[in-house]
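Note that subunit A is present in both complexes that follow, paired respectively with subunit B and with subunit C.
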Partner chain A sequence: MEVLTEKNTKQTPSKPPKSMSPWAIARRKFVRNKLAMVSSFFLLTVMIMSFLAPYITTIDITRVNIGQMSLPPSGEHWLGTDKSGRDVFVRLLYGGRVSLTVGIAATALIVVFGTVIGSIAGYFGGVVDSVLMRFTDFILNFPFLVFVIVLNAILFGKLSGVWVLIVVISVLGWGGVARLVRSKILSEKENEYILAAISIGCKPSKVIIKHLLPNVLSTIIVQATILFATMIVAESGLSYLGFGVPTEVPSWGNMLSTSRDPDVMQNMPWTWIPPAVVLTLTILSINFIGEGIKDALNPKSYR
Partner chain B sequence: MLKYTLRRILGMIPMLFLISVVVFTLALAMPGDPFSGEIDPNNTDPEYIEEMREKLGLNDPIHVQYGRWITNFVQGDFGKSTRYKMPVSDLIAERMPNTIFLGVTSLAITYILAFAMGMYAGRRPYTPGDHFIGGFNYFGLAIPSYIAGVFAIYLFSFQLGWIPFQGSVDITLEKGTLDYWISKIHHVITPAIVLGLLSTASYTQFLRNDIIENSRKDFVRTARAKGTPERKIYNVHILRNSVIPLITFLGFDIVTLVNGAIITEAIFTYPGIGQLFLSSVTNQDYPVLMTLTMMFSFLVLLGNLIADILYGVVDPRIRLD
Partner chain C sequence: MNITINHEKISERKTDSGENLLEIKNLKTYYPIKGGFFRRTLGHVKAVDNVSFEIKKGETFGLVGESGCGKSTTGRTILRLLDPTDGQIVFDGNDITNLTGAKLREARKDFQMVFQDPYASLNPMQMVGDIISEPIKNYYPRKKSKEIKTEVMDLLERVGLPSDAYYKYAHEFSGGQRQRIGIARALALKPKLIVADEPVSALDVSVQSQVLNLLKELQDDFDLTYLFIAHDLSVVKHMSDRIGVMYLGNLVEVADKHSIYDEPLHPYTQALISAIPEPDPDKKKERIVLQGDVPSPSNPPSGCPFHTRCPLAKEECSEIKPQLKEVKQNHRVACILYD
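Right after this comes the complex of A and B.
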């Protein structure tokens, strides 16, 4: 920072030194956080490898290969093969694709929906607020897992593949975000700049989008990272139980669920340990990134 | 306080009504006839089916069907399981003790571990011991319970042979004997630890941070100044203040246990309510499914209610809201 300041003062001595924007400060703090950086690197690697899976390998994952069933790890099959002769490493890549897609899509839907409901309730207050918040309480009072399982059973076959799960999780999961955004908006709208914006004739939609949301964005971002981890856990947990994505689709949870067969668990650990380890590391790294972002966006913390 | 509590309890009634409507609608939306358990599946004579449908009231308008279901439900008649051919209430009564046993053991372990670790780490912040506990907490928060469960089974029952990997008790033992109870505890201990892992980690972290925060307050300085032993300051003065917010988590524990029991019981094939629920979904056993869904929702409502009331007890400002 000092170097920058010197340079600025030399070039334009009359102007005061330009200070960094809040986002630039946050970025600097985040980059200095070693744990968060390592985690980001890991997560990025996992994401790239999973989403580019069809380009990395050309093996057909759906084909049952009778000649190569239950092989331990070897040079040909890095992590061995499962009971149907499918390569575990390849399935791990494709599984990551499904698990991460569910995580990202569900998080995006929840954040958008929760933010819309929360900001409308918080901004307008009164009857609108009461109605929306009662509705949110109603959603929050459902036991999440129980209703996801029931809804999934109903919708199964009516929508294609993983989208059933994404929709179901999102429909039942937005309550927390809505409540959080509402409380933040409630305190933020008391500021004078909002009064100013309203008095110069800004429409409510403009006040919310241009003035209020940027100021609660940091909270939403932090919440989104936590949600991302939670959603990946939810997906794989449900798939483990057999109520998540369809069993023929490879996902980390579905791979892990093969361990429910005692024979597989005892004698073929190479089929279920890799997804378990990758899943745990992914969640751990998302948590660290979340901590890092929270720290970086908090103006009171110095590192 | 009483007024606040009453208001909260009354507020539960419309919520329960709405949830019952949702549960009923979901049951109608599920594939198959939700109330067709009484019809003999082998008799395909359309006349017989029509007759039975009429007799069971499946041809009535939906609101009449709902009225009948909810009236019976409130009176404790939950219908008959289509799979087990026995009243749902009996079926639940048979499985319930196992789940309660699991939940209570899990809570006990959670609180003992959380208190021990939280107090240790809070008293010695930033020492190696604290960092070790902190590291454990990170893993506790990040590892999903099913992964922890799978690893626990692989390690402790398949590799080391310490614990059984399924069931709730050794069925060869006679009920009521000492061996029977030892076997029960032996079966429940690992699922209970796995179920409580997440709460243990978060409570430990919470207690540690709260103790550190409290130890900087004025009353601690006063206590030190008048020569109170350090032990007493931490175990009496500070702990009392730090335990209060922790008490309010008790309500949320019920919610966690409801969600957690389903997964944990599935991993350890532990015959409890959660497993009954999963099998009722797979077998389309609607009377059981509806009763359990209502029961879980009620428990979650109750948990949130307890949490709110405890908040009111701890923080008088909330009662005014």
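Right after this comes the complex of A and C.
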């Protein structure tokens, strides 16, 4: 009979040791992925430095220092100063705080909202599905930039600058996640373990939260990393165009937008190269982390 | 296929009363076919089209038929995992056809299912202990977790799994062991009826008889009534007291096991029985080979569903749909030949 004995558990060293949850197995695979680990380390460093900026430096970021305008990098100002005499390195730290906050908050809101809408539509199907998906299509087809400008104007003054942008991006951004989650739930709910869950008396909310979502979570996580990178780029893009974070708030996008001035572009590269490099590396590392998670969660990929 | 079954066990057990645990009357379950630009309903797959039978307390009712004839749909509809299109389901004296919400959930306690696919029927993210204790937690939220764990450990032992299975995940087990986990989950609430939907068809032949024997033993210990679904007549023969034969969503014959095997009445049943390999070479029998394919359940033939392939079909067969009628004692058949 096929009862596991002590002996035959030990005979199979190639398989992961017994009693590892699917998550534990994925974590192990991820940790072995060098590129993903280096990227995680980089991203973590950027995050820690950004969010701990007030403890790392005591320089006031808003004060305009007339005596120290447009200085190239030196021992005192590691990355030089900008046209208003503000320290570029310090602005980079504070800017990262804003850009990452926008990215994290917008991603979180989008993922939560999209997952709720998508899983309800996918699980219940029928009329519920039709109504929710019509609404999703409507949101997806909305002219993004127009809405950003209009909502920005409406919400201006009611919320602090950065949060206006987060809300605007989130309100318009959840459609893709909702569609993705719905389609995943639709195929996942065909599995017999869902019928089993209903049969053993789980309420619909429990079937969704405890049985369906954990099994589509890998897709959602991978999607979230892509979104996170996209949101950081969106912040930078919108700020560069002047529709993003208010100009007085430092963000990587706002720092980049100073290069619209041809003089800055040509003669003061130390003001815009650092945010460009950090932004690029951050986006890249998020993407590598996303790829790593995708590989780790895919039962078919062995490395 | 050879199946060794504890025959003493079977003969010992008697269906204790003539009382019906389950009665289904004129059950229909149609799947809508959606299509076109507005996803309108273009037609229906008549997966179950007028099925009536009853299951007595303590017996095993075998449901056989080719793949796609609507066995799973029948089983799932009976357990209200699918909504019936028409008809009535009476379980233990209560009409459960139209129950919804909390009332339906309460009723589910008494009827459970063992699924066909040992891989898809267990949540890969749950530990075995959680899988088996979940039904208990759902219905007895105040029960102490220590008590629940003891119960689950007993169940594990009862279905022949080691106790350290509790902390493992389904992916660490073989098909046969997974099926045991599924059986333990179905038993956790001490149900009255278990629908076993081809519980061994996905397993290695060597493990099949072990799982079938387990189901037999559990039936005695837990006073279970089974609806046992299979497409393999030899498996059904070993498990069942009475047998229903399905063809294209219709029940064409119902009788006790011996009547079905020794004197099948419906031409379709006769063809199925003739196709069972005979282990005794002296008892040569003639094999009836059916012509043509099974028609589509979305466009079933008029009259008798079997007339397109029936070797004995008459002209009326394409016009009159025969109803299931008792032609001998406890032997019902839906065929114009016995009218």
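Here is the rule we go by: the second predicted complex is superposed on the first by the 282 of 303 C-alpha atoms of A that agree within 3 Å, B and C clash if a C-alpha of one lies under 4 Å from a C-alpha of the other, contacts with A are read in each partner's own complex, and residues count from 1 in each chain.
Methods note: contacts are C-beta pairs under 8 Å (C-beta built on N, C-alpha and C of every residue); 3 or more make two chains touch, one makes a residue touch a chain.
This structure is a prediction, so every number in the text was calculated from the model and none was measured.
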Overlay on subunit A: subunit C relative to subunit B, clash or fit: fit
Quick one: is A:Val112 in contact with subunit B, with subunit C, with both, or with neither? Answer first, second, both or neither. neither
When the two structures are overlaid on chain A, which partner does A:Leu44 contact: first (subunit B), second (subunit C), both, or neither? neither
Touching A:Ile154 in the superposition: subunit B (first), subunit C (second), both, neither? first
Could you let me know whether more residues of subunit A are touched by subunit B or by subunit C? B
Determine, under the contact definition given at the top, whether A:Trp272 touches first (subunit B), second (subunit C), both, or neither. first
Touching A:Gly237 in the superposition: subunit B (first), subunit C (second), both, neither? first
Is A:Asn141 touching the first partner subunit B, the second partner subunit C, both, or neither of them? first
One more residue to check, A:Asn287. First (subunit B), second (subunit C), both or neither? first
Between the C-alpha centres of subunit B and subunit C, what angle is subtended at subunit A's, in steps of 10°? 100
Looking at subunit B versus subunit C in the superposed three-chain picture, what is their shortest Cα distance in Å? 5
State the interface residues of subunit A toward subunit B in the complex, per the touch definition above. 137-138, 140-147, 149-151, 153-154, 229, 233, 236-237, 240-243, 256, 259-260, 262, 265-266, 269, 272, 276, 279-280, 283-284, 287
Subunit A partner contacts - residues on subunit B that touch it in the complex: 15, 18-19, 22, 26, 29-31, 138-139, 141-147, 150-151, 153-154, 158, 165, 255, 258-259, 262-263, 266-267, 277-278, 281-282, 289, 292-293, 296-297, 299-301, 304
Residues of subunit A touching subunit C in their complex? 1-4, 18-23, 191-193, 195-203, 206, 211, 214-215
List the residues on subunit C that touch subunit A in their complex, please. 76, 79, 81, 105, 108-109, 112-113, 115-117, 120-125, 127, 134-135, 138-139, 160-162, 164-165, 167-169, 171-172, 174, 176-177, 182, 185, 188-189, 207, 210
